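Chain IDs A, B, C and D follow the sequence of writing; residue 1 opens each chain.
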Amino acid sequence: MLKVNVITTGGTIEKVYSEQTSTVENLDNQIDRYLGRLRLPDCDVRVTPLMNKDSLEMTDADRSAILDQVRQKSGELPAVVITHGTDTMVQTGLYLKQALPELKVPIVLTGAMTPIGFEGSDGLQNLTESLFAVRILDPGIYVVMNNQAFPIDRVRKDRETSRFVWID
Amino acid sequence: MLKVNVITTGGTIEKVYSEQTSTVENLDNQIDRYLGRLRLPDCDVRVTPLMNKDSLEMTDADRSAILDQVRQKSGELPAVVITHGTDTMVQTGLYLKQALPELKVPIVLTGAMTPIGFEGSDGLQNLTESLFAVRILDPGIYVVMNNQAFPIDRVRKDRETSRFVWID
Amino acid sequence: MLKVNVITTGGTIEKVYSEQTSTVENLDNQIDRYLGRLRLPDCDVRVTPLMNKDSLEMTDADRSAILDQVRQKSGELPAVVITHGTDTMVQTGLYLKQALPELKVPIVLTGAMTPIGFEGSDGLQNLTESLFAVRILDPGIYVVMNNQAFPIDRVRKDRETSRFVWID
Amino acid sequence: MLKVNVITTGGTIEKVYSEQTSTVENLDNQIDRYLGRLRLPDCDVRVTPLMNKDSLEMTDADRSAILDQVRQKSGELPAVVITHGTDTMVQTGLYLKQALPELKVPIVLTGAMTPIGFEGSDGLQNLTESLFAVRILDPGIYVVMNNQAFPIDRVRKDRETSRFVWID
């Protein structure tokens, strides 16, 4: 039985349409409900909704809180998936890498380009891939997005194409 | 075989999420594709994509164009469904009412509070009800929304609750 | 506020795929959950799950039970939607018609050609149309299916095309 | 760019509901359409619809045809995902294993417990995981199903629980 701590922090993946404002916003948590659609028979998933914000608004204190969450449960919940906004996902991942030099498990950061409840969203695909990836990847920190697993020091978000690409 | 002219003008029902801007906007036409999901065996539906805008931005010229479209095809396509933004839907309907005093068919205006591809949308429900309503309603102009058919002079959009309500 | 008694009796609309038997069967009730996806703000819907069987297996006793259910709640829940298998839907409707000569409300029978949870299903469309129809139709008994409302004595299921058609 | 040959052979994952027979059957190919819902930017997927049958009906000739297909394109399309019925998936995998002793790529067999278009299906999840798995797994033959990757000689389908489980 693999134990996984899914730490949710917001980002586009969790945005919803608000009829009051006619915009998309981070309001309620969504990840838990979508995890419920997946079959994960030998996977003990604990969801920790840490925050729910656009990653452009993340502060050092926020990233520190993510790090604390990873450390606190590392004995009990070894594998970690962090859902996160795509704009500063790599920044958070590099921060974790320098703070956790002796990882014994994989830590996967993921998110989505379109909110998870919207037609054409990649949200459920990326969640599915991330929960699968933590079973197989070697210890380390990764971005898992759209069919690929990127080691954190070899990836960046390309703003023009809105895609994650390899840094050679 | 009932012939229906579905005139699409935009509004929230047709908004989509743009990954470039991270907002919801009126971009491509959506209604035709969703009509394709309904079973309408004795219904000859012609879709006329007239414009694709937020109804707060509609001008007198836009409403005049809608009226022209209704008149032009009234011989060949008697029943009419107009998809429209909810903010000025009643205004457009009242304009049509004063311009078409001797209607022989029902004209239904509909739209949605949440875009049609988004989780929890009422878009497909309202489209379904509108296409059903034009078979049954007496000649006149109506808003059909969320299980109700409102004669156009007896309805308003209540901004606080974001719902259509009866004017007594 | 319109009060509607939704009496569920089974049929294809409520069939589900069973992994144990690898077939589709009437097992759990489904209608309530799908009604929850519709916006029905001025509609007080009470769901009465009466039975859950293929309509080819319905007996006189079953039809009598449906009639009792309609009569019992006719004071409190005037409008009625009955979800039913398509094979003997007209037979049940004609039985109700001869037993209820002085109807003051519409009674709508509906179902689906493909189970409501399956891709391409007409289940939700027909439910949507039925709940809308009971607000507008004159008192009487009808089949509502795929965009049409058929008075019960003017419709039959055509087995070759698997569709409901008018009897002239 | 990873090139993947997706060989489809039928099974529950591709079954559809037939309104003519009121049963679920292997009729048209489905996998291609569902792959179109995934974002696979650095993945060149070629779909080869080889057959479309329940795996209980597979013959030695069928398995031989699958082997030929794997060999033929092994130069051009190194990674392989085979969609297959779950009942004899392991049997096909073991047959491929003894026939391909010097694999240089991963070959993944997958399928589903519920057809891919039905509510609650694991079909898209398993397809997503399989296309991700072929990027990461070491050369060899695997069953990928419901969040797990099983080497082919360490897995069996447990008929009572309808699940794939490890053989110790």
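Following the convention adopted for this analysis, contacts are C-beta pairs under 8 Å (C-beta built on N, C-alpha and C of every residue); 3 or more make two chains touch, one makes a residue touch a chain.
It should be emphasised that the depicted structure is a prediction, and the values quoted were computed from it without experimental measurement.
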Euclidean distance of C-alpha centroids - chain A vs chain B, Å: 39
Distance from the mean Cα position of chain D to that of chain B, given in whole angstrom: 45
Junction residues of chain C - those touching two or more other chains: 113
Touch-based graph of the chains, sorted into line, ring, star, complete or other: ring
Listing of all chain pairs that touch each other, if any do: A-B, A-D, B-C, C-D
Residue ranges of chain C in contact with chain B within the complex: 38-43, 113, 122, 125, 128-129, 131-133, 135-137, 146-149, 163
Chain B residues within the chain A interface of the complex: 12, 16-17, 19-20, 22-24, 113-115, 117-120, 162
